[in-house]
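In the two complexes that follow, chain A is the common piece, with chain B as its partner first and chain C second.
Up next is the complex of A and B:
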């Protein structure tokens, strides 16, 4: 009995350590965004000064908007293209399908530094060059394999008779997809979309390679700002983003009950 | 509603001939069972009629209209799948109404038709449930209601009772038959359960290795099987092999067996005789001699008591024969006992070899 209780206690401790490991740096950063001292000095004195000055920092704000816009657009594009590709791979047999599916995985493992360099060279070669459009294209390409992997995994749990049943009842291809297949894979599509959003919104390396001075995304802008000298405004903007993205994630998880319900 | 004609239908998957020149005529309003072991082509045939797959050659007509190149969604068929294939994201009512809704019918019309179909399968009050809240038998009924609500020309059932337990199966057999009679729809039913095929259908088609072995009313196939396979797959049969004498066969040991039914064969060719176990009378002595009856002597090797009847296994010249006797409570034979088997030539079917 005593051993069981001890093990239980260890398990609980482990979970708390894990959570602390994940969240402590973030909590400290969030606290410091409300601290008067710009050099992380204690005692803690409450201020919203950094949030006020963030409002004046046009560069940081415009980079934030760029990031949000690129993340949303690339998420939509990658999710739609990726889901459609997963459906095509699920439904049809064609020559080279195995090879194609195998080729979808390696890009996930290739370091972004290499992918970024390759994209930079490629985009110059084909005349796209650098800039927000190049960043958008890059993010879509990075996110696609994630979406396809997640949606395909969900499709593996789909019973093909459901599509057959729908067809036998007179449904055309579009009706079958929109009313039977899509509702089933929706949790996968949402999860794939979240991955795509995270890949884009978090993206530093590829964005750094593809951005032009003055027109960039938030992670690149933060990096540039830190190089010039750290300001608590960075803490402030990061805190806002963490709060917003966590709220989004929790809401989605709540609405789509990942893993739960049949 | 309409009859279905299948003519010279062939379909191969690679080197495997799934259907080999199959022709069957399913009359309007009939209840047909397609019976066969797994891999016999019965499901392939059903999927061809449904339109999920197209034939390599041959014709399929529904109501006289050639449909062999018409995709499933345009064939106006109703199908019930083995695992029901109910849409998990929809309520029972939405499942049943799906076929009407994709045809863009008015909401009020759909609601009325759905209610009528649910009433027909006695699930009138469960329209608001989700499929996962239903029992196996209820899901089965929903699948059936969904398949018939669009007023299809033909109803196709792919082992629809396979997932139900025995008691529920019998209930559903009766229920299915009642609904089929009530709406009078041509029904084609795939099963590997011979009892189901016998009790439910007007006609049975037996398939083996992609070919139609025999087709006809259950009584005819049971009483007059045309092959050893048909004789042993639909019901039980004792098979004797020998050479024909014209009116029966002669076994290798010289014993003659007279056959009053079956094929007409030239004397001297290889042939078999089939006898149903319940047609054989078993006794300890020759009793009153009947000069016409077939007679064999043997020894009881095993007896299985099953309440209303007993099955005797009788060894005779290296062959074990099966005899089923109704339990009249009069006489029970012991294992090891010498017995005489007798049966009439009318109960003996002559079958060409091969």
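Up next is the complex of A and C:
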């Protein structure tokens, strides 16, 4: 049994090495955003100068607002439309249902490069063009499948007899939905909404092809800045983004168990 | 299309339609029509919007097949996808195994969350963070030179290994996630039974554990391979001049060269490749479902 113990010990060590690999670059980036030297030179000297200068950067600020606004609006639209669609798929049997469910996977599986360029071509062709509205259209579409999949998974745990019971007690369709079904699937709806927010707020590729110089989102602005040359300001704003999106994900995990654990 | 398919039980569809329609209409406008438009555009000589005369042509596809450059780049991207996927298996599978079979209870839950957490943070920013680690005079360089007695120069930035490292970092959580799900489903008593019948650890791994977790491996591989073949931001940032791949060429057609019809044809060829890969992976995945 000594070997088993030794192997388990190796396994634990390995996991910590993997976590180091995953987190070290992020931690280093965060540390460097508080370092005086703009060329990331050591020794480390503490400063919040770069965060202060973020406030002076109007381009970044306006891109940040765009990102937040678009993420909130697409979250609301995708959550409402997606939850409605999940309910319909759950309640009704009809031919072609399998096809509709299968149609949710191309948006998830096709690389964003392809989806993004396709949207650019089509939106240009029909006169929508580029800009914030086009980005919003795209983000909602990218988030919808995630919402439907997550809410449908929650609906799997719902007993249809509950709806039957409410109906036989005289509740109408709206009452059944709002008082019985919705409260039950709420954790799924919230998780789906947080997914949608993450998909939109972190989205780079599709936004990149759909943005114009004035109408752009934060990741696109950061990409442009990186290609011009690194500055500690990008570190600072990147650190803020990573903290926000990780906090958001921890929140999601509270509402929605990953990994199929009981 | 839905209308045709659903004639069989119209009542079910009719009552489902009001709830169903908005979401699927949106997907149609923003995903399915654009993908169709891309196919259409890829057969054109010019953008019909620019006012210039246009006609249908096969030239864009002829360009792909006649110019060795695009072939070479597609192969380079496929190779990149393969290498990144293999590294993710090598790094991710053992981690998934430890998570599923060694760790227990709360520590397993916490570490699992830690592994998949970065995956949901911004990919662009994570790639950028590697730039700081890998460049000459960067953290890795400074740290190693501080520890080692001799002077070494680590300048991985703007190289093929840098692209690999960045991509593996981005995608390895996928592999851990999918393998963990299938490994967790393997009954522990099955492993105990095999062991008590005298199977060595290696035999158990080869004959029982790996075959049973195959769906997770295949799902993870597909989820990693497909986006890596279409990646362009990671090679741009970490690869510099060596980072020209199929994805970066498509990006160029749309944002730099403005040859949209050629870009559409290149995108469509990539889509075809992606669909073939997903089709190849789907029997294994369906067997698992």
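One rule holds in what follows: the second predicted complex is superposed on the first by the 239 of 262 C-alpha atoms of A that agree within 3 Å, B and C clash if a C-alpha of one lies under 4 Å from a C-alpha of the other, contacts with A are read in each partner's own complex, and residues count from 1 in each chain.
Please note the rule applied: a residue touches a chain if its C-beta (ideal position, glycine included) is under 8 Å from a C-beta of that chain, and two chains touch if they have at least 3 such contacts.
What you are looking at is a predicted structure, and each value in this text was computed from that prediction instead of being measured.
S.K.: Touch test for A:29: chain B only (first), chain C only (second), both, or neither?
M.R.: A:29 sits against chain C, while chain B stays out of touch.
S.K.: Once the shared chain is lined up, is A:184 touching chain B (first), chain C (second), both, or neither of them?
M.R.: So A:184 only meets chain B here.
S.K.: Who wins on chain A residues touched, chain B or chain C?
M.R.: C
S.K.: Contact-wise, after the overlay, does A:144 reach chain B, chain C, both or neither (first, second, both, neither)?
M.R.: Touch partner of A:144: chain C, not chain B.
S.K.: For A:55, decide between first (touching chain B), second (touching chain C), both and neither.
M.R.: A:55: touches no partner chain.
S.K.: Determine, under the contact definition given at the top, whether A:164 touches first (chain B), second (chain C), both, or neither.
M.R.: Once the two structures are laid over each other on A, A:164 reaches chain B alone.
S.K.: If we overlay the two complexes on their shared chain A, which of chain B and chain C does A:253 touch? Say first, second, both or neither.
M.R.: In the superposition, A:253 contacts chain C only.
S.K.: Once the structures are superposed on A, label A:6 by its partner contacts, choosing first (chain B), second (chain C), both or neither.
M.R.: neither
S.K.: Please give the residue numbers of chain B that touch chain A in the complex, ascending.
M.R.: 50, 52, 71-74, 76-79, 81-83, 85-89, 98-99, 102-103, 132, 146-147, 150, 156
S.K.: Residue numbers of chain A touching chain C in their complex, please.
M.R.: 8, 11-12, 14-15, 18-19, 21-26, 28-29, 32, 39-42, 77, 81-82, 84-85, 87-89, 91-96, 99-100, 103-104, 106-107, 109-115, 117-125, 137-138, 140-141, 144-145, 148, 198, 202, 204-205, 208-209, 219, 222-223, 226-227, 230, 234-235, 238, 241-242, 245-246, 248-250, 252-253, 258-261
S.K.: Which chain C residues qualify as touching chain A in the complex?
M.R.: Listed in rising order, the residues are 1-2, 5-10, 12-13, 15-20, 22-24, 26-27, 29-35, 37-38, 41, 47-49, 91, 94-95, 97-99, 102-103, 109, 111-118, 120-126, 128-133, 137-139, 142, 169, 172-173, 176-177, 180-181, 184, 226-227, 229-233, 236-237, 247, 250-251, 254-255, 260, 263-264, 267, 270-271, 274, 278.
S.K.: Quick one: in the complex, what on chain A touches chain B?
M.R.: Going through chain A, the ones touching chain B are 159, 161-162, 164-172, 175, 179-180, 183-184, 262.
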